[in-house]
Amino acid sequence: MAYTLQQLSDIEDIKLLKHRYFRGMDTAEWALVDTLFTDDVTVDYRGGGYRVQSSGKADLMLFLKNSFHSDAVAMHHGNMPEITLTGDDEAEGIWYLYDIFVDKARGSQTVGSAIYRDRYRREGGQWKIAHSEYGRIIELVSTLPADTHVTVQWLATRGLKPEERQDITHLISFGDGHG
Amino acid sequence: MAYTLQQLSDIEDIKLLKHRYFRGMDTAEWALVDTLFTDDVTVDYRGGGYRVQSSGKADLMLFLKNSFHSDAVAMHHGNMPEITLTGDDEAEGIWYLYDIFVDKARGSQTVGSAIYRDRYRREGGQWKIAHSEYGRIIELVSTLPADTHVTVQWLATRGLKPEERQDITHLISFGDGHG
Amino acid sequence: MAYTLQQLSDIEDIKLLKHRYFRGMDTAEWALVDTLFTDDVTVDYRGGGYRVQSSGKADLMLFLKNSFHSDAVAMHHGNMPEITLTGDDEAEGIWYLYDIFVDKARGSQTVGSAIYRDRYRREGGQWKIAHSEYGRIIELVSTLPADTHVTVQWLATRGLKPEERQDITHLISFGDGHG
């Protein structure tokens, strides 16, 4: 069995969509990121000590802008996509994340992996993320070693400064057991 | 020159095959992993202090289940595939691995990279891994720092407990010089 | 809208081109790497304390051979490609890098990410890298911890020995502010 040209094109375009999501998030290109979600996008991100649940694009953008702030040293590499077309304008995707996140203000460092399970919908000819969830596979948290020098931090000047940030605690449940 | 639709489909399916291998291994989804190999699969994995050689699916599954055990904090990201179709039902692949492996019982941490060279065979319409070998490019081994907290470890509850594990030393040669 | 078979083939071939670049660089397969660039290739690599600018394949090969030397423990994973075909024989690509670089002689360790923006040109039926630039997103520099053992280092025997190396300082500007 072979895919059709349309199916292979859709798979490539959905990969591009998610690649832009990861790049846009780590570089705070919010105008780009805003184009990647459906208006009714839902997320459920489960980490070691947190669970993020949101509904609607406005809340998701609020969460992202206030998480990738000026103290964040962030890298999110989503690799090894498994895209399944489930309808003419619907698809599902599995991705395997590797991420590094340093919070300079807290002096903490998190290294981890996660499996994403997404749903995509084509709207007006564009594939968009309609639902995204992940569960952590590994997560290691430590103090940033004293002799580690952050020599480049893109978000330092592009991320929200402390006085610009908004409260997002209503989107997050803290505590263990979400992994 | 362009690929045919069948060739592009085969390349995509072989990528999916290997993506499932890495995901299934790190998450101990052995029912999934078992479907990814030919019955006569052979492997040759050469690390800094070990060489794993096995022949047949039973031995490979034995090795994997007893390596991704309940003390393992494991992440294997196989990236940058170079797939070459060598026949209607045969193909070869090169992949570039990045992996993290912590053994909580030993308190050791390994970070490394490797180049995989695989052979694939289509059986009953499904692409399967018929041969897989890797050689390490870099490997760094250290003690897990005392202040590193493993806040999520998927395999803790899904991996084999010490009393459930079987001997796999007949599949492994220990010693330097395998890198 | 669907891609044509030729377009999908070109996208796959351009991914292969860049995958070989990363693999060839980290393994010092210079005969392979030499085939991947146009003769007039230009680069502009901006890191935390350096900027590399070169023009022409000879200078780029000189830079690479003398950077991936026998003291280098190097891993460069270029992931999440965004390829755009801009003409029959021209294309652009965005890649998201994760890299580890240890200099054993200096005892230093760099972990970082970067966004590549490339241009590709097809010459004699082969896609080649005509321009490549990157800017760092994160970069963390530290002393290699005393208890970290480099148990495999491919470049130790394949990379240029100190007495074989050539001067490349004319290709590099040192100093902050290039991130």
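The first chain written gets the first letter, and so on, giving A, B and C; residue counts start at 1 in each chain.
One rule holds in what follows: contacts are C-beta pairs under 8 Å (C-beta built on N, C-alpha and C of every residue); 3 or more make two chains touch, one makes a residue touch a chain.
Note that the coordinates shown come from a computational prediction; the quantities given were computed from them, not determined experimentally.
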Rotational angle, Cα trace of chain A fitted to chain C, multiple of 5°: 120
Type of chain A:chain B copy interface by residue overlap (half), same or different: different
Rounded Å distance, chain A centre to chain B centre (Cα mean): 26
Chain B, residues touching no fewer than two other chains: 5, 8, 77, 79, 98, 145
Residues of chain B touching chain C in the complex: 1-5, 8, 11, 47-49, 77, 79-82, 94, 96, 98, 111-113, 115, 136-143, 145, 176, 179
Residues on chain B engaged by chain A in the complex (per definition of touch): 5-6, 8-9, 12, 16, 18-20, 22-23, 26-27, 73-75, 77-79, 98, 100, 102, 125, 145, 147-154
